[in-house]
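Lettered A, B, C and D in written order, each chain numbered from 1.
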Amino acid sequence: MISVQTADFDIAKLYQQMSNNQLNPNGYGAVVTFVGKVRDFNQQQQIGAMTLEHYPGMTEKSLEAIVEQTKARWPIGEPIIIHRVGELAPGDQIVYIGVVSAHRKAAFEACEFLIDYLKIKAPFWKKEQTETGYQWVDARENDTTAADRWSQGNH
Amino acid sequence: MISVQTADFDIAKLYQQMSNNQLNPNGYGAVVTFVGKVRDFNQQQQIGAMTLEHYPGMTEKSLEAIVEQTKARWPIGEPIIIHRVGELAPGDQIVYIGVVSAHRKAAFEACEFLIDYLKIKAPFWKKEQTETGYQWVDARENDTTAADRWSQGNH
Amino acid sequence: MLTIVFFAQTRELVACDNIELEFNSSLSALETIRSQLASKGDKWDLALQQDKLLVAVNQEMSPWDTVIKDGDEVAFFPPVTGG
Amino acid sequence: MLTIVFFAQTRELVACDNIELEFNSSLSALETIRSQLASKGDKWDLALQQDKLLVAVNQEMSPWDTVIKDGDEVAFFPPVTGG
């Protein structure tokens, strides 16, 4: 399940839904989830609020492509990806990634792969309110490095 | 927070509690959780029920030692580890590991390290009910390999 | 007709969400589309500097040598920062 | 006095959760404790085969050359399988 939404998400409902979405939920012994939240500091600057912009249509397509890539690589069940857009404040939830697998290694790797690829492939842009006004967040070199590592065969 | 208990756990409450446990919850942008559940199949055998035995006292001490080791290695907030003991059925939750960090890489690695080390260091033993009666689960070679990888400096 | 869309800094600088361009064969090259738009003014030129600019064709991230055809949707935007 | 405790298969085979042993200097070697217990009968011998047996001293996983002193708690058990 993929959803791009302004509304907040309820991790307990998503956890239940992830189990309900599987043909055989009791075949999956490992559940790994990632939640990304708005921090109150970024690059030494205090953050008051944040706006998340996206490219409707392309966002969903790119997330579906990342999910297909993940399912081709690891033996996982149907994952859940939720990404919020619009106005957010420090502490707010931004993104949810939930993965189930029979064993934990695949669940951890697939979950980390999903967020690493989302970070460089999915058309979302963050604008932060700092003491000096609103500014677009710069892409981090680290995110490219994190994603690259999956194509180097050391995992 | 570490707890060894017979009662089930509520992932939504633990998620909230993990945030409450931090001095500065809005400094943590990444939350990674792992839940281990009883599968209905293991080593080609159907599982009816399971009993989890532990060594009271030593279990808590060993989990505390693993938490200290993790905190010395990654910049994470206070993690949560819950492990159930007693009678469990397929689909039941066994273990919860929750980790927060400023960035996702540390949160993923610390969470996986915690469960990898719990698997080989914490005194819990599983006994499964199969078609041919109750039998103790054999330790998996894989678990030793998973834990060893953290001492080989390839992370 | 081509639909050209902009996002984030790029959208703010050109002060416009999207525009339409009459298609002709010279516009089959992304670089031609980019430079034609960049010539619309200083802000457009700044917004469309190829340095870190990304491009999507029909909602798929695409290399700069992608061949554009009539009816395509072309998007220009900076590196993504979601998650 | 030493307290000896058993868990899982080991506990089931010896059919006892724990026993106490009067301490004497020969019992400062874990192997002496193990072999003295193993001599209590076939089930004890089977349960305490050193092959995959683990040992904890005062609730800490310990190597077989650990020196035992009066008052210690020594535990014997198979490889752990939690999580």
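Criterion: a contact is a pair of C-beta atoms (placed from the backbone, for glycine too) under 8 Å apart; a residue touches a chain by one contact, two chains touch by 3 or more.
Computed from a prediction, not measured in an experiment: that's the story for all the values here.
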- State the smallest step count from chain C to chain D, taking one step as a move to a touching chain. 3
- Query: What are the chains that chain A and chain C both touch?
  - Reply: none
- Computed distance of Cα centres, chain D from chain B, in Å: 26
- The distance between the C-alpha centres of chain A and chain B, rounded to whole Å, is 23
- Query: In whole angstrom, what separates the CA-based centres of chain A and chain D?
  - Reply: 48
- Query: Tell me, which residues of chain B touch at least two other chains?
  - Reply: 36, 115
- Every pair of chains that touch: which are they? A-B, A-C, B-D
- Complex contact set, residues of chain D against chain B: 5, 7-9, 52, 56, 59-61, 75, 77-83
- Note on the structure: Touching chain D in the complex, chain B uses residues 36, 52-55, 57-58, 61-62, 83, 94-95, 115, 118-127, 136-140
- Message: Quick check on the complex: what are the chain B residues that touch chain A?
- Response: 10-12, 15, 24-41, 90-91, 102, 104-105, 107-108, 111-112, 115, 146, 154
